[in-house]
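Each of the next two complexes has subunit A plus one more chain, namely subunit B in the first and subunit C in the second.
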Partner chain A sequence: MVEAKIKINSQTGLHARPASLLVKEANKFKSNICLVKHDKEYNAKSIMSVMSMGATFGDEIIIRASGEDENEALNSLKSIIEALKD
Partner chain B sequence: MFGFFKKSKEVKIKSPIKGKIINLCEVEDEVFSSKIIGDGFAIKPVEGVVYSPVEGKVVQLFPTGHAIGIKTKEGLEILIHIGIDTVSMKGEGFTPYVKVDDKVNVGDKLISFDLELVRQKAKSDVVPVVITNMEVVSELKVDFKDSNVGDEVAYVKLK
Partner chain C sequence: MLRGIGASSGVAIGIARVIKKTSEVEKVLIKDTQKEIERLEKAIELAKKEIEDLKVSSKENIGEKGAEIFEAHLMILEDVEFIGAIKEKINTEFINAEYAVKLTSDEFAQIFINMDNDYFKERAADIKDIGNRIINILLGKNNNSISSIKESCIIVAHDITPSETAQMNKDLVLGMAANLGGKTSHVAILARTLEIPAVLGLGNITEVVKDGDLLILDGDNGLVLINPSQETISVYKEKQEKILLEKRELLKYKDVEIKNKLGRKVEIAANIGNPFEVDIALKYGAEGIGLFRTEFLYMDKTSMPTENEQFEAYKYVLEKMKDRLVIIRTLDIGGDKNLPYLNLEKEMNPFLGLRAIRLCLNKRDIFKTQLRALLRAGLYGNLGIMFPMISSLEELKEAKNILKEVERELEAEGVEYSKDYKVGIMIETPSSAIISDILAKEVDFFSIGTNDLIQYTLAVDRMNQNVSYLYNPNHPAILRLIKTVIDNAHKEGIWVGMCGEMAADVNMLNTLLEFGIDELSVSPPMILKLKKSSGQAS
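On to the complex of A and B.
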C-alpha cells in the first residue's frame, strides 16, 4: 500500500467536474484506491463517493492505493489533484 | 441460481422540480451532456425548490448546498445538481433542508434556491438529475415533458 497527503488548492474544491476527472482516471487502474478525509475513506472510483467527501479549498486529504499498479495510480491521481484550477 | 427467479427491481423517478424535462445532451456542460457522470435527464426549472424524486437516504450534500445525492433502497444513486457552474456561487442563495444520512420520502423538501440569482450568476439554471451508478441499471426511460413536482418522469429497471 502506498499513500500521499495532498492539499486541495482549487477554490471550488472537488465537485462535479474535477471529481469526474478524478474518478475517470482512478478507474484506469486495477488497484484499490481511496481518498481519506478526517480519517474517513471514500472510494476514488465512485463519483458519488468522491463528491460526498465534500473536499473544499484548503482541505488536506490522503490518496491511498493498494494493488499491482499502486505507484502509478498514486502518482497519476496526485498530479490530477495538484493541477486542479478553477 | 436463485437469481433466475428473482423479480428484477425497478425505480420510478418523480420530478424533483417544476419545469421542463429535457435531454442531458442539451445541458451546456460536457460533464453532464457527455454523460461522464451518468445518464438521466435535466430540468429547465420554473421554481426554485427541489423535492426528493425517490425514497432513499441522503448520501451526499456538498458544503455549498448546490447539489445533493440520494441512494434508494434498491441501490440506485441519484445526483441532483442545481444549475451549471453554481459551485462558484459558494452557497449563496442555496438553502438545504436535509443533511447527510437523513432518510427522505418522495416529495420531501431538499433544497430551496434563488432561481433569479442562479440565472444571473451561473452559466445556466438547468438542473441535471443523473444516475451516478449506471452499472446497476439495465433500462432507463425518460418522459420529456413539462412536469409538476411529483410527476413520474423516469422509469429505471435494475439489473
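On to the complex of A and C.
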C-alpha cells in the first residue's frame, strides 16, 4: 500500500467536474484507491463517494492505493489533484 | 380560480395534464435475489439510454449548458458505490429492486443535503431524479410523462425540473402551472425563453386540478382558471389572439435601426439578470447586453459564489453574444437587498448607506473575486465592466486601482485574462451626473440608471405611496441632468447609454434621441416595442 498527502488548491474544491476527472482516471487502474479526509475513507472510483467527501479549498486529503499498479495510480491521481486550478 | 406567480407572460387555454412524479414504492420481500439484480441491471441500462436521448434533445433545445447536467446523471448511473449499495440491499435484505433503489437514493441524497455548500446540496435533487427514473422503469411506468405527451395540453405539476423542460415537446406544451417555483426559478426563465405562459408557486394545484380539466392560464396576472364558462373562454381567446397578432406585428421591426439627432445609430441592447436570458435577448434582436445584473449569483444562497462559478456564468453570456458588447455590472447589493451571509448591519437609510460599489470597496475580497472572474471571462467575448452607484471621482479611481491590482495578480499567477475590455460607470447619483465632465475622462462609457437617479434627485421614495406622485421622469431637473451627462460624455469622446426604466418608456424616446443618447438597454421583450415606436424604418 502506498499513500500521499495532498492539499486541495482549487477554489471550488472537488466538485462535479474535477471529481469526474479524478474518478475517470482512478477507474483506469486495477488497484483499490481511496481518498481519506478526517480519517474517513472515500472510494476514488465512485463519483458519489468523491463528491460526498465535500473536499473544499485548503483541505488536506490522503490518497491511498493498494494493488498491482498502486504506484502508477498514486502518481497519476496526485498529479491530477495538483493540477486542479480554477 | 387559483392565484400564483405569473412567471412567463401570455395566455394559454387547454386541457390539463397532471404530472405525478413520485411513484409510490412498496417494500416487497423476494426470494430470488439474482433475478431481482438482473431486473435492476436492465432498468439501469434503459435509464442510461433515456438520459443519452435527453442529452441530445436538451442540447438542441437549450444548448450545451442545459446538457451538462445529464453528463453527471450518467456518471451516477455508473457509480460503483451507488449501484453497489442498491445491490447489497437486495442481497442482504431480500427486498425488491424498487425499494432498494428508493432507500439508497434517499440515503445518498441525505448525505448531500447535509453538506454546508450550496453546490453539493443541490446535487441531492439529481440523485433523487435518478432514483425516480430507475424506479419508474422498474414499475413499468412511463417516467417522463412530460416527454410522452402526444396531444397539446397545459402541464400541471408539483415542480418542473430542468430535465423536464428540456425534454418536453415545445409545440405541444401550451402552458405550465406548478405548485412550486417563482419568477427567478430555472423553469420560469426557460418558460420565458420558450415563450410558454407559466404560472408558478400555486401551492396545491396538483390537488385541485384533475387530468382533463379545461384550464386557462393567465401568465401576466398569475391566474389559473379551472373549467371556466364559455364566456370567459371567449374573452381569453380574444386576448390570446391579440397577443399573437402583436407578436407577429412586432417581429417586423427586428431590423429597424434607430438613429439619434446626431445621425448616429443607437444601440438597442438588453438588460438581463441571468445567463439563460441571453437567449431571449438574442431572439428579440438585442444588439448587445447593456446591463447584466450579477446579483443572481449571490442571492438565495448560504455562501459567496466562487470565482469559477462566476466565470462560467459570464463566459456563457460573452460567448453567446460573440463580438457584441456585454456590459456586466459589478455587485449591486446592500441597503434593502441584503445577503444573510454578509452579516451587514441594519441601516437607518439603506438607500444612502453601504451599498453597491461602496460595499465592494469595503469588502475587497468579494470585489476582487468578481473582478478576477470577469477578467478571465473577458477572453471569450467583448467585455464591459460597469461600476454601480459611483458618487465621487475618488471612488471611481479606487475601483479602477483594484481592477489594475487584480490584473497584476493574474499576471503574476500566470492566469490568462483579457486585457482588452471596457470600463464604465452607472450614472445614478446626482453628484456623478453633475461631475460627469470629470468622470468622463476616466472611463469608456456611461450608463444612466434612471430609477435611482430620479429617486435621489427628486428625493422621492417611489415605493412610498404618499409621495410617489412626485416621481416624475419628466421633471426638468432630471432632463437637465441627462442632457448634461450626454453632452459631457460626448465632449470627452465617450458614449452614453441608459439602462433604467426610462430607456423603455416609448414616450421618452424622442427626447432621448434629441439629447443624442447612444444606447438604450431594456428588458428583451421591450426591444421590438421600442423599435416600433421609433417610427423609423429599417
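In the analysis below, the second predicted complex is superposed on the first by the 86 of 86 C-alpha atoms of A that agree within 3 Å, B and C clash if a C-alpha of one lies under 4 Å from a C-alpha of the other, contacts with A are read in each partner's own complex, and residues count from 1 in each chain.
The working rule: a residue touches a chain if its C-beta (ideal position, glycine included) is under 8 Å from a C-beta of that chain, and two chains touch if they have at least 3 such contacts.
Here the structure is a predicted model, which means the values were calculated and not measured.
Look at A:G58: by the touch rule set out above, it reaches neither subunit B nor subunit C. In the superposed pair of complexes, A:T12 makes contact with subunit B and with subunit C alike. In the superposed pair of complexes, A:I47 makes contact with subunit B and with subunit C alike. For the contact definition in use here, the residues of subunit A common to its subunit B contact set and its subunit C contact set are 11-13, 15-16, 20, 46-48, 51-52, 54, 56, 86. Of all residues in subunit A, those touching subunit B in their complex are 11-13, 15-17, 20, 24, 46-48, 51-52, 54, 56, 86. Considering their complex, residues 29, 31-32, 36-38, 59-64, 67, 69, 71, 77, 79, 81, 87-88, 90, 100, 132-133 of subunit B touch subunit A. By the touch criterion stated above, subunit C contacts subunit A in their complex at residues 71-72, 75-76, 79-82, 108, 111-112, 115, 117, 119-120, 123, 127, 306-309, 311. Residues 11-13, 15-16, 20, 23, 43, 45-49, 51-52, 54, 56, 86 of subunit A are the ones that touch subunit C when the two sit in their complex.
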